[in-house]
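One chain, subunit A, appears in both complexes that follow, with subunit B as partner in the first and subunit C in the second.
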Partner chain A sequence: MSNALNKKRDFIEPSILSALAFLKDATLSEEYANRKGFLQSLDPRLKTLSFLAFLVTAISLKSAVLIGTLYGFCFIFAILSRIPVRHFLVRTLLFIPLFSLFMVLPTLFSIVTPGEPVCSFHVLGLNGIITRPGLDGAVLFVVRIATSVSLVVLLSLTTRHSELLKVLRVLGVPQLFVLTISMCFRYLYLFATMVENIFTAIKSRVGVVSHHRHGQNVVAWNLANTWNRTTQMSEEVYMAMLSRGYTGEPRLLRVFHATLKDWVWLCCALIICAGLFYRGQIL
Partner chain B sequence: MSDIIFELQDVHYAYPGKFPALCGVDMTIRSGEKIAIIGANGTGKSTLLQLLDGLIFPHHGQVTAFGELLRENSQVDEKAAHRFRRRVGLVFQNADIQLFCPSVREDIAFGPLQLGVAEEEVGRRILEVAQVLDIRHLLERVPHQLSIGEKRRVAIASVLAIDPDVYLFDEPTAGLDPLTVRHIIDFIVNANQRGKTIITATHDLHAIGEIADMVYVFGQNKRIIMGGTPDSILNDRSFLEMNNLVHIHRHHHDGREHVHQHLP
Partner chain C sequence: MHIPDGYLSPATCGLFGAVMIPIWTVASKAVRKTLSVRQVPYLAIGAAFSFVIMMFNVPLPGGSSGHAVGGVLVAILIGPWAACIAVTVALVIQALLFGDGGITALGANCFNMAFVLPFVGYYVYKLISLNSPPGSSRRIIAAGAGAYAGICLAALCAGIEFGLQPLLYHTANGQALYSPYGLNVAVPAMVIGHLLVFGWVEVIVTALVVKYLQKQNSVFFEGDRL
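Now for the complex of A and B:
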């Protein structure tokens, strides 16, 4: 068979499968949450509060250097929590470009942020000038995003989803809303698993998944079919809830215990934030 | 009080789109009985269990539970609904559907908490049922990431935690390894000895001798085509074969082909 055809053939399957694998891994794996490390050992409520404080700090500070310091703390915490730095970096870096480039690009240019030009160029007859304040603003923005994303990633890596959801409850988010989020997680996982299974099933029958248009149709049909199945399932899940006495207001367990260590941690976190704010005032 | 738990009279049910699932079922179930419902796929076993659990309601005919008619609006009264839920527990065919909480511990706690059991008592029950079903090491895990056998045991635990009088099992042994099957059958037999009423839908003929004193066979016409003791039904091979309930195995022994039915 020709090379070109082979290439085309292999295209759909690996890209979808690896995207799914990544999705599952990035959003649903609890490998690191189950490790015995520093952040994992903290009470989820106080941990979430402290990370909220960090996040507010990262968003409000106006100095790239200070936000960078907070970013440095993230790495220390990651290492203390036995998360491989490389893994941590890959995770955060994957989200950052998407986030920041999207929002930074327009502010780089002189139309949006006027100032001293750093360089100028002509593209397709358009006049673009990158300005000093524009560039500074962009750097600040990128550092801020990087730090915020890192904080969120760190919190979600070191806390089980079930606990994060419970924290939402404790922080006053309505129960039904929390249960809905938890179901979303479940469906996402089920959906990903089903799609994987379907691919394996097709592959075992056909040998290779999909070349030409036919293959693509099979993929599309199966995705639609899978979606139908998941929505039908939600009705059945509702029945399962009814069967165990659900009458509209779910009651869930609360099992958190904050120790002295957790409070010490929260204090340290607040001191770090306050310190950074104080420096920010002076600078 | 009469010891009749369920009484079904000429029950008909069809799914939306006019897919008939039950076409005229009569049945009486008494307290402490072990009942097996057997039948090929699609003969209405799951539908029947959902009717008995008050999740769906007959379009024609009636279901009486504990002397009261099961009707759509009888579930509106929360107290009455809870009284019923405390007495009847259904282990669904698909454990993936039954387990919807973020952790095994919470899934086991869900039923008792909904039914107003105090948190302390719920905590005690979690440990107890986890011990009985040997799932203590799974309590903090995410239910949908477990193996099928583990899921099934968690699903049973989540019903056991409610401690109902009547257990409805929908194909509890399907797709499990022999050891887990053994464990689950023992659980069912044991629960019955403690006075629980057990109704099991299955097409596993190996098990019915143990899990039933009375067997109802459902046919493709979606009604009961035979009822009797496990022995009388298992001995009627041509009947079982006709109703798609036995595997016919073809083996080679010493170079000669040999056909036999697969029966306990």
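Now for the complex of A and C:
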């Protein structure tokens, strides 16, 4: 069997790699959140509120130019926050916006979106006409998606996960949800490690799983085993929580303090949003 | 099936957020009634489990692969209300901490994957399994059928949400402002893909995990869930 075919049939490798990439990404996010940068220096509560305002503005505006302006701000904030440009662009442009671009391509053409023709071409005997409404709609859609994704990624990269969870509580999200989210986040590492160990053990014994039915059984057995083992640990986890002084309300060592700089930032963010909305009404 | 930010209009996002608030409230009350603080780790396990299921690529005939959502499986294991919270938590973590899925579209995503999916799947499972013994193969079939029904109906909901956008939100010259395809494209695109491919991934994962758990510890299938 060729290496390429082996690679294609080996589902273990992609599964582990995607899981590890996910967790590695999360760790890297914390790394950026710990850097001394502009967004990192802001109070997480006011920063989250300002980003929610930016997000609502991005999905409400109807002009690609104005949404693109917001993307420009994102880019500047990323640089000021010492996020590597390449990492930021890969995280924000490569996945969802690229998928959205492919998804929206057919709407460029008159067969899907009729209207004023912008250009036409002949390919393999077929006549393609790109229309103005089709082009404008596609550009608006992709710019909107790219900006929304950038805002969320920037917030996530520049805020420690524990602080984001604390912000949820401050914003009024019920304790049951916040507590479950914070515990779930810790379990993810445990689950991923368990799964990785099991897969490594399987691979060291049987090598490549070459048949899809065998692969499906391995995945299902892994999930069942993971569930079984972790439910047995549930009681131990609770006892460990109690031993660390858990009283039912999650606590953070860091207490949030909003300074004048944070309030100025929030005011600036709201002025930017209001300005973009105002321009959007005029255009 | 994860809807990113920008695919749905703010009004649609607000509507689904408003729809989900009472559902989350009822789910919290239902879970609090039967789940003590001691069992909170159990709920977190359900959420992490749902998250992990979404990370697994299940091999399909022909060398391709897909991933399941796992909402029905979690509902069978911990009950539909607890599953609603667990899947919501998984979606919040994906959206907020990993930037995968939408924050403004969280209400719509939760409606599809944390409400429609687990509830439809769970009750189809209950209907087919009836009072069969915890270790019976009828429960495996019921779990598979529930998973298939749940994911396909959730996909239909997502298709309708996408398909309504160009009808409701467009400029005077017909330019779509959000998801650009109407119901005639969005609904078949979502439903056919799930009927033919992703529905079967959900069936395989749910039925096989139920089968293995029956062998390892059939106590998971005894009695009613939340």
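The criterion applied here is as follows: the second predicted complex is superposed on the first by the 174 of 283 C-alpha atoms of A that agree within 3 Å, B and C clash if a C-alpha of one lies under 4 Å from a C-alpha of the other, contacts with A are read in each partner's own complex, and residues count from 1 in each chain.
Simple rule for what comes next: a contact is a pair of C-beta atoms (placed from the backbone, for glycine too) under 8 Å apart; a residue touches a chain by one contact, two chains touch by 3 or more.
Treat the numbers as computed from the prediction; the structure is a model and nothing was measured.
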_Contact-wise, after the overlay, does A:237 reach subunit B, subunit C, both or neither (first, second, both, neither)?_
both
*In this superposed model, does subunit C or subunit B come into contact with more residues of subunit A?*
C
*Identify the partner contact of A:161: answer first if only subunit B is touched, second if only subunit C is, both if each is, neither if none is.*
both
*Scan A:245 for contacts with subunit B and subunit C and give back first, second, both or neither.*
first
*subunit B versus subunit C as contact partner of A:58, first or second or both or neither*: second
*Would you check which partner chain A:268 touches, where first means subunit B only, second means subunit C only, and both and neither mean what they say?*
neither
*Name the contact category of A:139: first (subunit B only), second (subunit C only), both, or neither.*
neither
*Same subunit A residues contacting subunit B and subunit C, which ones?*
161, 183, 185-186, 190, 233, 237, 241
*In the complex, subunit A residues that touch subunit C*: 8-9, 11, 14-15, 18-19, 22, 25-26, 29, 52, 55-56, 58-60, 62, 91, 96, 100, 104, 107, 112-115, 132-134, 136-138, 140-141, 144-145, 147-149, 151-153, 156, 161, 164, 168, 174, 176-177, 179-181, 183-188, 190-192, 195, 209, 212, 215-217, 219-228, 230-231, 233-235, 237-238, 241, 248
*What residues of subunit A sit close enough to touch subunit B in their complex?*
30, 160-162, 165-166, 182-183, 185-186, 189-190, 233, 236-237, 239-247, 250-255
*Which positions of subunit C touch subunit A when the two form their complex?*
4-10, 13, 24, 28, 31-32, 37-45, 47-49, 51-53, 55-61, 63, 65, 77, 85-86, 88-90, 92-93, 95-99, 102-104, 171, 173-181, 204-205, 208-209, 211-213, 216-217
*Across the complex, what residues on subunit B touch subunit A?*
50, 53, 55, 75, 78, 81-82, 85-86, 89-90, 92, 94, 96-98, 100-103, 105-106, 109-111, 113-115, 119, 122, 140, 142, 144-145, 158-159, 162
